[in-house]
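Structures follow.
Each of the two complexes below includes chain A, the first together with chain B, the second together with chain C.
Right after this comes the complex of A and B.
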């Protein structure tokens, strides 16, 4: 079964607030969250900081609702790129981006969007939802991004805050959907407060509003996010990631009646 | 639900007796029921059932306009202490109602959010939540 993932919880200095948000995410049923570190180049010489250590946030991780496993916390870096030079940090295998599980880029111009889709080594491309899209989404770069396994991220928190932003969110989402046909989309919160988060099924329904079909909308909060996380892992290592899981006591399970097996899985 | 309602019985064409009878359930249920809870940051506002209904209808109107706000929608129960409510909506309007509840973020200058606890085509299903069962 697919587990639900929210790949965008805004990082803040206030640890208590961050803990609140992660607890809320676990309560709503998200199995994995990523803490988003936004990085904007203000001057030429700025270093990308280190991610906060996820281990120090909780002594015992909150349990995901409906499951008995603790929530998984990842780190994510979002680079706001308004100039081609900003992407240099991503091109090289720089040690600063290696510390993060997921790397995203927020392209401000069409050229950078094209570069992000075709050449820059990232996992996510953020779609602007707070203003009218400054450029048209064209098919070639988006097809290239889908081919490379890069995901487009839509954020829903602005849509909750304000009705104008809601209009931009929906119209930009719809114009993106026209080109990418619902492929490689993820929807995440971008929440700054616990109350701004919504449950995974609520977001899957919201996806219908963005022009996704039911199955694709659910994938946008579950399997697509997982693919993005795995894409991040391959970026860190080499070509691919293989997980091996030990299957325990197969024979014993088979001896059990069917109804018991269903409960376990 | 009336067991006969919505079922189509096909008479066997053969003269001889058949051992089976085919029953096709044609229509999905007419209504969907949603159990929702209004949540505030810290201490929020006090609401009556009427105010809650108004909040839901205005949320619908904000997102879907006049057509959305005229959906057949009923507030079946509302608990003023826990701010828990059960809504009934025609199945066609479920997505509209749900998406507008999702995008609701304010009530009278208070931040709020509506948590959809359960949704089902059968009212009886809302009596218990399978996610809160203690399976030990």
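Right after this comes the complex of A and C.
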């Protein structure tokens, strides 16, 4: 059985609230959560802040429901891009983005969406769910994104809050599904309060409303999220090909087959 | 002919656990019907209304068992996440419903629930501070098995299932 992952818990200043949310996630059965740091450019020179450290949050991590392992907390950076220059932060090997486990981008225009799918080095592309989609999803960029292993993220909290937002969420999700056929989709919460989170099995059925089939919907909260996390890990490695493990004696054996594979492709 | 049903074992998570005491089965049914009507419209409400009922509600743990016709349980299930509050005699209680298990009979749900509650007790035992608490939990752990839990409520619902 695959483990469940929620890759979007909104970061807030209130530490108590954040703790509550993570405890709730553990209670619902999520094994991994990611705290989302949203970053929007207001002036030209703004530095991306450091992520919140998990050690400060908990002295002992809460245990996952039904398992005896503690919950895993990752950090995630979301950049709201409305101008091409905003993506320069991601292109250069800036030290600030390296601190985060996952990097996501929220493209506001079609051009940026195209760029995010084809060239920018990100793990997730957020789909706008709070208003009518400003552009049509076209096949070439989405196919390119699937080829590169980038995932599209749907957030379900707006759908729970309000009836109009629910309509936008479902219609945008269906129009995306028409093109990508359920491939490379993840569904995450985007919760700001503990009561806005839902259990993983409930989300899998919610996926049926978004036009996913049962198996794909379940993958959207489990295996696809895991691939996204692994995709994020490759950024920290050399060319995303060689992955080093701390155990030194095994390093030689493992590195060789990976290199061979890379030469072939 | 026997009509097949699906039983959804759910957990009511409230903002403040003290409000659990005020909730009745009628309140839950009413709110679930409303939620189905909101998400799936008249068709969904009509399709689920055929045999929708609350079979069991535990006000102490917040566990509830919903029954629905097998063909339409996905309509019911996909509208459960949209419940954000319960209307209880003009009072709005913020809450959400988390599905624990979906089963074909009440018995499988009961088995799952006992296992689940056992795990919950083990979790409690971990967080114990003194020896007296620990002993009390150990006692209740030993006492829970399928036989001893067959309270009148469960026997009643079993008879209904056989009909």
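As a convention for this text, the second predicted complex is superposed on the first by the 238 of 265 C-alpha atoms of A that agree within 3 Å, B and C clash if a C-alpha of one lies under 4 Å from a C-alpha of the other, contacts with A are read in each partner's own complex, and residues count from 1 in each chain.
Here is the rule we use: contacts are C-beta pairs under 8 Å (C-beta built on N, C-alpha and C of every residue); 3 or more make two chains touch, one makes a residue touch a chain.
The model shown is predicted, which means the values in this text are computed figures rather than measured ones.
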Fit or clash - chain C, chain B, common chain A: clash
Chain B versus chain C as contact partner of A:63, first or second or both or neither: second
Partner chain in contact with A:99 - chain B first, chain C second, else both or neither: neither
Which of chain B and chain C A:144 touches, first, second, both or neither: neither
First (chain B), second (chain C), both or neither touched by A:205: both
Touched partner set for A:12, first chain B, second chain C, both or neither: neither
Those residues of chain A which chain B touches in one complex and chain C touches in the other: 28, 65-66, 156, 159-161, 163, 166, 195-199, 201-203, 205-206, 208-209
Chain A-touching residues of chain B, taken from the complex the two chains share: 39-41, 62-63, 95, 98-99, 101-105, 111-113, 115-116, 131, 135
Chain B-touching residues of chain A, taken from the complex the two chains share: 28, 65-66, 156, 159-161, 163, 166, 193-199, 201-203, 205-206, 208-209, 263
Chain C contact footprint on chain A (complex, rising order): 24, 28, 63, 65-66, 156, 159-161, 163, 166, 195-199, 201-203, 205-206, 208-209
Residues of chain C defined as touching chain A within the complex: 13, 15, 38-39, 74, 77-78, 80-82, 84, 94-100, 102, 119, 123, 126
